[in-house]
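As structure tokens, here come the structures.
After this come two complexes, each holding chain A, first together with chain B and then together with chain C.
Entry: the complex of A and B
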């Protein structure tokens, strides 16, 4: 009976001109979005590779130079574009692509794609995640809003009920008929994305298992929508009413809930303004050691401590250049300040994430969106991870330079120049994002909530439609 | 095959069916006559298990409908006043679906055979139902009953809106089913058709079965007079 109902529903869908047009439009949009994203991904990756190589070449070819001058000259850490960003661009567009690494300062990522666009960018981009998260649920509504109401309106429900059918099997037949085209369409998209990505040169860390997990997350999301739409159709008498309620649910779940969640999270755990943040960092910095100010109280205290430790009465008698040593101590102090203040930001981010996860219970969109971005490595957590890795690299770079200055010159000798080959000894910045396992484990609550939605919506559909 | 035992249905204080006792045997066609609101459709809905009786019982093939709602439906076929099928499917596809969900696996030639037996023209077999007249849809309904090998046929105003030719064809189909031993209960306003096809006729008013006849024991004019008298239109009776 399930297969009979499935075949009947499929025939009806295929013979409905509106459905054929809707399918054509969605497939066209998907194709366009994937093509645009693939081109964009290829371009950005080429730019990334070119910029990374150019920056490294500049770094290695500085010639003879004072290491601390090189520290101020700085270098860049570039954020790689990950293969699955082809499917979900997440916050990449807004989060910046490179961090300038220099002495004394922790800088934020800059040069975001959004900053390079005109005001029209506010309308959003045609990306696969937009189609996957917003348009396909709308297609599910279009295909399924009258699944049961049409039986009432056409009068076929009475004839069906008189056949002694099993309601559960009948509903499963309808469910399968709605799920199959959505599954085929989604599978096709992910297959095309996989083939495109594995065909690209330097596709890096792309792996099929992450793509499959992402595919399953979206399939789960669509199953939830199918269950909700069928439930509404089963419990309403008119197709028009069913359509309006289903679209209302879509608006709440996909448009209103994410914005409300964002507002609530920001209200409960606000980030400091940029002005406040900068002022707080500056205040803490002023209260500590400044590597460039040998006359400050903190510098004098450090000097006395080091002289006592080494049992000498002059900085000239130390076995290293105290200027370089002071610079390093100043870096360590400043790194602690940045660690403290960025840790506070991170704590706020974690608290906001908890609010989002709590609110994910009101919309299946939220856990799906978070999981999709996390698996694509385009979420804020990955961005934080990248920024932390860049900061660790900055600290290591400063130590590398200050140690060379301190160990190879004498106190007061600011004219010291490191060898032209010295710069090559600094390992290049190489960022490895979290593995799929740790991404999934970090997002276990989102997976759990999505699972609850899945089980709950299925249960509700089967339980409440026993008596249609 | 069809038995109602003091079958009663009340909605609040209103009694729409009052202690109905019917017995339709194999190969019998029982026509229930009555004005709107007499309780004819309620009787059929109770036999289908669509509504619960307030008291009394209904039996199909010796099984209590209330206790065996799904099993009893396996023995019966139902054709409502306006038989609605899936408009975008053909006659064969509709028959295939309705017989398939009942567990029957029929070949294409079987399906066409049943449609032909029900009187549908072969050129209509593969046409979509959206192009069918009411009479043609009723024939598909009969084909569903034939394919199901139903023991009981419940008909609710099946000839209403049919032209005389289609109505006559429908009557002939009922006789065919009767010859196969099908027990039929038909609710209708159509005295002429009732007299033409029925083996037994009952007249209902206000939820009560007021009179019962064997169709052979009464002429059409006697039936008409009885009906008008029962309905309270004595001045119209001859």
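Entry: the complex of A and C
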């Protein structure tokens, strides 16, 4: 019976001009979106490689220079783009792409793409994730809203009832008929993306398992929508009403809930403004050790401590340059301050994530969106990971420079210059994003919520529709 | 006939509880979104107020320090932050350049979550390094804000669609179309009257709930009467467009479900596709130059300039002989060289920096040429304009800040090159930043939406006339 219903429904769908047009449009849009994203991706990657090379050359060719001047001169860390960003751009557009690494200051990533675009960019982009997250659910609604209502409207319901059909089998038949085309389409898209990505040259680390997991997440998302649409169709009497209610669900899940969640999250756990943040950091810095200020109380304390430790009575008798040593101590102290303040930001971000997870109860879109971004390495957590790695590199660089200063010159010698070759000894910044396993375990709660939705929607569909 | 229709329609709407449901939904949506908008505006206001307060406290501190220095007393701050040095003053005691919210700012978040509302330019900072983006979670930027503009641009059309997709088709499906055909009125007129009445009721409900929502968040509607009326006019015009579309689709005599699918398809096209396609094409035709490559350029330039600092200072002083004449000490330190080279870097980099602005302007012009394709773009842009949160507003603010940074530098540089100390009596002359809002008319968007609505209405009538031979009673 399941297969008969499936065959009948599939034939009907294939013969329906509306369905053919809709499919055609979605495929066309997807193709367009993939093409645009692939171009963008290649473009950005080229720029990234060029910028990275140029920056390293600038750093290595500084010539003879005082290490601390080099520290102020600083260097840049550029954020790479990952292959799966082709499928989901995530928050990449809104997060900065380069971090300036200098002495005494931890800087935020700057130059986000959105800041360089017009207000229209806020409507959203024609990217594969837009089609996957918004348009395919709409397609599901279009294909399935009258699945049951049409039987009533065309008068075939009485005929069906006389067949002695079991409700469960009937529903499963309809379900498979709706699920198959969606599955084929999604599988096709991911296959194309996979082939395209493994064909692109010099693209970092692309692995098929991440793509497969992403595919499964989307299939789960679509199953939830299919269940909801069929449930609504079975519970309403008219096709028009069923359509309007389904669209209502879509609006709440995909449009309203994320926006409302963002407002609630911001109201409950706000970020400080940029200026406030800087002022707070500055206040903490003022109270502590300042490497440039040998007259402050903290500097004097450090001086005494070091003098007693080495058992000498003058800074000139120390086996290293105390200026460099103090610089390093102050750098460590400042790094701690930044750590504290950025940790506060991170704390707010984690709290906000809880709000989003809470609202996922009314929207399967939210966990899917977060999972998809995380797997594509375009989510906020990956951005944090990158920023932290850059900060670690900054601290290591400062130590590298200050140690050279302290070891190779004597106290008071600010005229010391390091060799022109010295800069090459600093290892280049190399960032590796978190692996798939750790991404998935970090997003375990999102996976759990999606699983709950899946089980819950199946349960509702199968157990509440005993009669039509 | 109109009066009959009016009475019947009202009874129908009341008894099907449509009016009750609609008022409740509108009230909840408008209330929630207006509250969200107001919350953001209040945070913005308090942030700016706090910044000003902090500046006043710092200024009081600065005046105390200056007083001590002038009386020859020892001060307890590091010597390079003592405000009697003009550069220390310019770097450690900057002014707040703030963009105060407009009275209607709560209407639309626009770009307000992306950009900062106050900066403190310093004398030695780079203008292009001034960061105008705000510290926000990018997830929030991605999802956007549940503001009034969202409710009006995205959700209101859907309510209209749900309210009007089956005006004619329901009659056929309920079997009452034969009764209707027996009435002394053409179908076209009847649909027109019926949709007109629904528009009237919905407009009334929207106006009343909007006023209620505005009163709820404590807006003074009387004081802002003109802004409020132009806002209301825009909302009604936008609603009219969607009712005109509903009229067009209803006359095609499809089934209810077909009508709903067609209207939703149009919604997807106008609200989701056209804006993103127009934006994407703008980006493709006028791509932004790479920011990362700009960093490289800036770095090599700085490197070059740093090597020739002395030469640059000499050239600068040659161009400005007044500094050499007025100063008897002729002492030249770090800042003399630094400020002269910064100036050179600014001049050299200005073409690269301007390229971004020009490209953004080109994108904006491109959108300006094609925005009439979608009333959603027109409505959103007009709302941003009313709220003072559009891209242009922030671009304008940025320009004003950069001009102010120049003023700030220009005010303090003579002190530096004349080797004159900054003193208490110079304090009142310090420049202040005052944000000037650019006045843009929002009526053009409204006019275009009205023209579009008229056009859709005419197309509806035209198509209907062409296929009049079809029989309304038999065709399906």
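Just so we're on the same page, the second predicted complex is superposed on the first by the 468 of 468 C-alpha atoms of A that agree within 3 Å, B and C clash if a C-alpha of one lies under 4 Å from a C-alpha of the other, contacts with A are read in each partner's own complex, and residues count from 1 in each chain.
In this text, a contact is a pair of C-beta atoms (placed from the backbone, for glycine too) under 8 Å apart; a residue touches a chain by one contact, two chains touch by 3 or more.
Quick caveat: nothing in here was measured; it's all calculated off a predicted structure.
Q: So in the superposed three-chain picture, is A:12 touching just chain B, just chain C, both, or none of them (first/second/both/neither)?
A: The answer is first: A:12 touches chain B but not chain C.
Q: Touching A:4 in the superposition: chain B (first), chain C (second), both, neither?
A: A:4 contacts chain B only, not chain C.
Q: Does the superposition put A:380 against chain B (first), chain C (second), both, or neither?
A: After superposing on A, A:380 lies in contact with chain C but is clear of chain B.
Q: Pick one for A:266: touches chain B only (first), chain C only (second), both, or neither.
A: Touch status of A:266: second partner only.
Q: Is A:454 touching the first partner chain B, the second partner chain C, both, or neither of them?
A: neither
Q: For A:307 in the superposed arrangement: first (chain B), second (chain C), both or neither?
A: neither
Q: Tell me which partner A:170 touches in the superposition: chain B (first), chain C (second), both or neither.
A: After superposing on A, A:170 lies in contact with chain B but is clear of chain C.
Q: Look at the residues of chain A and decide whether chain B or chain C touches more of them.
A: C
Q: Could you say whether A:159 touches chain B, chain C, both of them, or neither, answering first, second, both or neither?
A: Touch status of A:159: first partner only.
Q: Shared contact residues on chain A, chain B side and chain C side combined as an intersection?
A: none
Q: Can you check the complex and tell me which residues of chain A touch chain B?
A: Checking each residue of chain A against chain B gives 1, 4-5, 7-8, 11-12, 15-16, 154-156, 158-166, 170.
Q: Report the residues of chain A in contact with chain C in the complex, numbered from low to high.
A: 18, 36, 47-48, 50-51, 54-55, 58, 62, 76, 78, 90-91, 93-98, 108, 110-126, 130, 134-135, 138, 142, 145-146, 238-240, 243-244, 247-248, 251, 255-256, 258-263, 265-267, 270-277, 279, 290, 292-293, 295-296, 345, 348-349, 352, 356, 380, 383
Q: Please give the residue numbers of chain C that touch chain A in the complex, ascending.
A: Per the touch definition, chain C meets chain A at residues 32, 36, 39, 43, 47, 50-51, 54, 78, 110-111, 114-120, 131-146, 150, 154-155, 158, 161-162, 165-166, 169, 173, 255-257, 259-261, 264, 268, 272-273, 275-280, 282-284, 288, 290-293, 295-296, 299-300, 303, 356, 360, 363-364, 367, 376-377, 380-381, 384, 390-391.
Q: In the complex formed with chain A, which residues of chain B make contact?
A: 48, 50, 69-74, 76-78, 80, 82-89, 93, 96-98, 100-103, 141, 144, 148, 154
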